[in-house]
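Both of the next two complexes hold subunit A, though its partner changes from subunit B to subunit C.
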Partner chain A sequence: MKQKQLPSRSVRIKLFSRMSFYARSNDVFWLLFFGLLLLFMLLWGAAIGSYQLSILKSWQIIIAPELAPEKLVRVVWEFRLPRLLVAALCGAALAIAGVILQSITRNALASPGLIGVEAGASATMLVFVVIVPGVIPVFLLPVFAMIGGFIVASCVWLLSSLRGYSPIRLVLVGVGITSMLSAFSEMLITYGDIDLVESALMWLGGSLHQASWPQVKVMMFWLLIAGSLAWLCFRQLNLLILGNKVAFSRGVDNRKAVPFLLLLCVALTSASVATAGTLTFVGLIAPHIARRFCANRHGALIPLSAVIGACLVVLGDSLGRSVFAPLQLPAGLVLVLIGAPYFIVLISRLRKA
Partner chain B sequence: MFKQLAVVCVGLIGFSLQAGEVQTFENQFGKVDVPVTPECVVSLHDFSLTIQLFELGVRPCGSVARKRLWSDAIFRGVQHRFNTEGLMYVGSHKSPDEEAIAVLEPDLIVGLSYQNKFKAKLDQIAPVVILATKDKPIKEWARQLAELTGKSARFEDQQKEYDWIIGEFKRLVPEPEKITVTTLEIYEDNFQLIGRGGLDEVIADMGLSRPQGYLEAKKGINYSLERISDMDADIIIDSYEPLLDSREDTADFRNSAQWKNLFAVKNNQFLYLNRSRYGDSMGGLIGSAYLLLSHIAERDFKKQ
Partner chain C sequence: MLNKVEAHSMSGFPVARLSGVLLLLLAVAIAAFLHLSLGAKSIDWVTIWQALFEYNPLDMDQVIIRESRQARLIVSVVVGASLALAGVIMQAISSNPLADPGLLGINSGAAFFVVASLLFFPMFGQDYLPVFAFLGAAFAALLVILLSGWEQGSERLVLAGVVVTALFSAMTAILLLIDQQGLEKLRHWLTGAIGASDLKKLQWVYPYLIFAIVCCFTLVRSLNAFHLGERVAASLGVNVLLLKVSGLALVVVLSGCVVTVAGPIGFVGLVVPHVARLLVRNSYAWLFLYSLLIGTLLLILSDIAARIVLRPYEINTGIITAFVGAPVFIALVLRRMK
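The block that comes next holds the complex of A and B.
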């Protein structure tokens, strides 16, 4: 039997007794590096805020809360940790969704917002907050936002695949529907009751202010399920990015693979938007940053993008709540300030290419 | 000496009982156990709750405020009337900073109805009381706030003064329902029907009327300036915000023929007030009531 040729400098990673896979040592190194960076940022985020702590102190409070003063335990465990974890989980989810979308559309500028999920979730939220307030309980608003995102994404998919799937058609239909829903949202914001609108605007800006432990659990559920399934499809994504014909020749039928991957993308994006509002740019930037380290090897690209996306949102939220404390800037706003310059650089490089 | 010592001990015990005593406050947002005489109160709205606390003689230890990125926080409606030294800024009313509040170790936090969503988190710091300022008149929630802080006597004084002004107005103006008043806020390209400082409540208590266009319109909606003539009345009251240069921004419209042809404007019955002068408090009610008493009951004016 012909022995499989492995890339040079590979490491064997054993998951279970009979399950193992090979990964490039480079990829493993960067995953560990960014993983440690994320851990450091979480500790740093737990230390900064209106109540200043040292990183060592925050580590002690996290590891041994029974030994710390109750006041500090409350600040770290009830106010900061849920927020940081939700930020990390939402960032990871959006980054994975961005990887999927950029690969199936073969478009470097694709982001999770393209398929209308963000716009759908935002419009749904505004309808229930501004037009028919009080109809559904506040704690169910994220669920309805998620359903709205799913419905819009389904419409985008159906409209773009009527005459067979085409990446460019998906992008164009997504842009059109997103623009339409954005205009609708703007209309509600402009002409709605100002008290109700202001309440929704904080959420729309991508604010993690209301993050709590139940939301951490919900996001963890969605990320584990959809994120794991997305990673298991890394081979299909490696082939889809080479084109439909090449993928088909290798046994990947885009008529089955793309809808499934799109569903995972929508699930991850909807969950994130329903939890933390719109966090633009994460899904666009994180995959591109990750590609600088692992190119288009989706086996590494997906987890690396997830970790980088988590780092970005944790950074955005931590800066947003500490730079002008106690005034809090939405994480989404800070991310735009960080992401916009990178976006401009990206466009200029694409033009040169 | 023994007797004196005994008296001191009894007094100390009484004080500690008083300090530790708890009362149950109940409204549509639920029941909350709060201290009888809270020592550190945090207010989640500067323009109503913080002002009212100061008027009751309660100096809150923390309050939300308005803030631009690179400027100091402004406790709207408070700073020009009260000494705010020692009053800690705890964020904006839309997203108060829980950590900044926790630092103060308050024993009572008060908020408005739309801030009920913060209650679950803030409850871990101190008892949170949500007052229905939107659904209830100022007099009612101010009374509740006075009961919460043990300052009912001061509130009764304010209520008494307000009732006198209303009574005086009705004595001087026997048929107030024949006088129409419009309260609005004009912006650069639209206007809204808003009465600041409790003006709407005062107008209702005084028995004054509204023009038909006002009654048919809705509050909180941006209306086109073309509809301004629908809101014409015997008296029009607008307000400007000094922090936002709104007086300068709307000067062009106030120089327009459409505006100058309004009955109230032609007859010098247009009042233009500083929006932050009176907050939504008992002091605001009293101030606004004196304002209308002077401008309507204590001068000659024309009716449509």
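The block that comes next holds the complex of A and C.
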């Protein structure tokens, strides 16, 4: 690329010796800013809880665990850190999924839950928790939830592309399937044994209280693979939001690109739903917040919304743990509570503009 | 097709439509009898007849019918009729084939307000529950409008409804997590349950309901004009804003009443108007009447299904209507949307 074609204020970033790309300094700044914010939130999240620490103290414990008292190290490293990291990773995954879905449906109100992943995973989970408890071991539950999410999402895709795919159909068929599945889930919630239902409900509300280091690793794996693939598709996404015809004329075939992107979206969503329950409101708002800083340039939008999504879930989880302590509110519910009013204001403003 | 031709040729006296109404009434009557006879214990038709007209309080079967099934039947009839009317009005004023009080979050808004009022303001009597439900329904409707705007397409309206539903059901879930006993008490109601005890609740809401149903029929002329398009309606002398606002108010009252009585029951308002429009197309007076009857029929049938599918257990009626309604919704999307 020649120098004069570049946007005015841009910096050259060298990833490896042979791979380099250009980024606007603006985007780099916001990315760093929200990255630091995320770091701060993680520290704050590690500090608060039933055993209160100062932020400085939590920093010391994380940096140099061998110097701190063993009890505190245990609290931070075994309970709080995995939980926070799972929260951050799930938030990032859902935010990326949200960006993808909003771009391929060209709809500001689309969220990753719409294509049925969330409802499918929840229904599968409820079946195995409430109807046939103990059939599969607890640690395999997320895997089954993930498979359920995949199956339902592919049903939605097949149905909506039965007579030719269109974004509206995808979204609305998703709404239909989701509401049918949630009726099924509600049936189980209503008639199941109240104790089993109680634990299932905690999970459904997006609760992170069982987070552990293996979960962090699994989630990291999915986020790295699917997230980076999604990021590499940023050019396709940039073109797809302009419409299928424009995209096609610039060499992006939406019949191939859309299923692939949806697959990424489903993978990201179902991985995080399986780990942390239904948090998908993040996927709705994080892209919108990110768009205020970098518009629709997906090269910057994807990483920025990932970081913002991570911030949001960490914030939601920390608030859910601390505001009503000793009662723990699921992060997903807290997020809806914070996010929905903001979102409504945002959308009504967008509409006027 | 036959309907239309005959209605035109015999100007003034719509035989075909009246006979359609009579057929539907007959169907409703048969369904009602089935509703009374089927259940955890099947009761023969003679006993039902006796229970209704020569009541003998010593016969246990007759007591079952009088005390529990009859109440349930009445509630289903009222709920079905009001939801169907709400659906017709919503689809008319939003010019949107996919509008439904359940899908657009109005029911969940009403449900949240009812739960909140039960938990936070127990000192208000239960007479105030419908008022809270109206407030919640109105609030949810305003949020949906704010999110989507009047003139937006179906997809945007439905998605706005999904967001609002998510908001309100999350808030309800939080309330119920804070108050565990509330969950135990309310979880049946929250998925749209019809039960015998609901007849009592009907007494709180019937003044509003009767008023709303009568009002629906006064909107007929303006709705007929509005069907031709907003501008045409305005040029025919219809106050479009007033029509929309009063239509919305009626939807709020109707679905608020239903939520107070039976909890959020979805998809009836979506499915019924479409079925009714297969039978009548061009007049809202007939459309209202047909929808009323079809809604009643649908809800009685769903309630029968709710009671006999898992005999002797009962499923919530709202779940049955979702299972019936969601496929219809998907079929509508696949046929109508491009």
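Convention: the second predicted complex is superposed on the first by the 343 of 353 C-alpha atoms of A that agree within 3 Å, B and C clash if a C-alpha of one lies under 4 Å from a C-alpha of the other, contacts with A are read in each partner's own complex, and residues count from 1 in each chain.
Throughout what follows, a contact is a pair of C-beta atoms (placed from the backbone, for glycine too) under 8 Å apart; a residue touches a chain by one contact, two chains touch by 3 or more.
Because the structure is predicted, anything quoted here is derived from the model rather than measured.
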Message = I'd like to know which partner A:Glu78 touches here: subunit B for first, subunit C for second, both or neither.
response = first
Query = Who does A:Ile55 touch here: subunit B (first), subunit C (second), both, or neither?
reply = neither
Task = With the two complexes superposed on chain A, say which partner A:His209 touches: subunit B (first), subunit C (second), both, or neither.
result = first
Key: Partner touching more residues of subunit A, whether subunit B or subunit C   = C
Inquiry  = Taking the superposition on A as described, I'd like to know which of subunit B and subunit C A:Ile241 touches: first, second, both or neither.
reply    = neither
Query = Now for A:Pro326: first (subunit B), second (subunit C), both, or neither, which partner does it touch?
reply = first
Request  = Check the residue A:Asp193 against both partner chains and state whether it touches subunit B (first), subunit C (second), both, or neither.
outcome  = first
Inquiry  = Applying the document's definition of touch, where does A:Ile151 land relative to subunit B and subunit C: first, second, both, or neither?
reply    = neither
Inquiry  = A:Leu141 in the overlay: touching subunit B, subunit C, both, or neither? Say first, second, both or neither.
reply    = neither
Note = After superposition on chain A, the subunit A residues reached by both subunit B and subunit C are 190-191, 194, 198, 202, 324, 327
Query = Along subunit A, where are the residues that touch subunit C in the complex?
reply = 107, 109-111, 114, 159-160, 162-164, 166, 168-169, 171-173, 175-177, 179-180, 182-184, 186-187, 189-191, 194, 197-198, 201-202, 205, 281, 284, 324, 327, 329-330, 332-333, 336-337, 340, 343-344, 347-348, 351
Inquiry  = Going by the contact rule set out above, which residues of subunit B touch subunit A in the complex?
reply    = 67, 69, 73, 89-92, 94-100, 102-103, 105, 114, 117, 120-121, 124-125, 134, 192, 220-222
Message = Can you tell me which positions in subunit C touch subunit A when the two form their complex?
response = 98, 103, 143, 146-147, 149, 153-156, 158-160, 162-164, 166-167, 170-171, 173-174, 177-178, 180, 183-184, 187-188, 190-191, 193, 266-267, 313, 315-316, 318-319, 322-323, 326-327, 329-330, 333-334, 337-338
In the complex, subunit A residues that touch subunit B = 49-51, 71, 74-75, 78-80, 138, 190-191, 193-195, 198-199, 202, 207, 209-210, 212, 321, 324-328
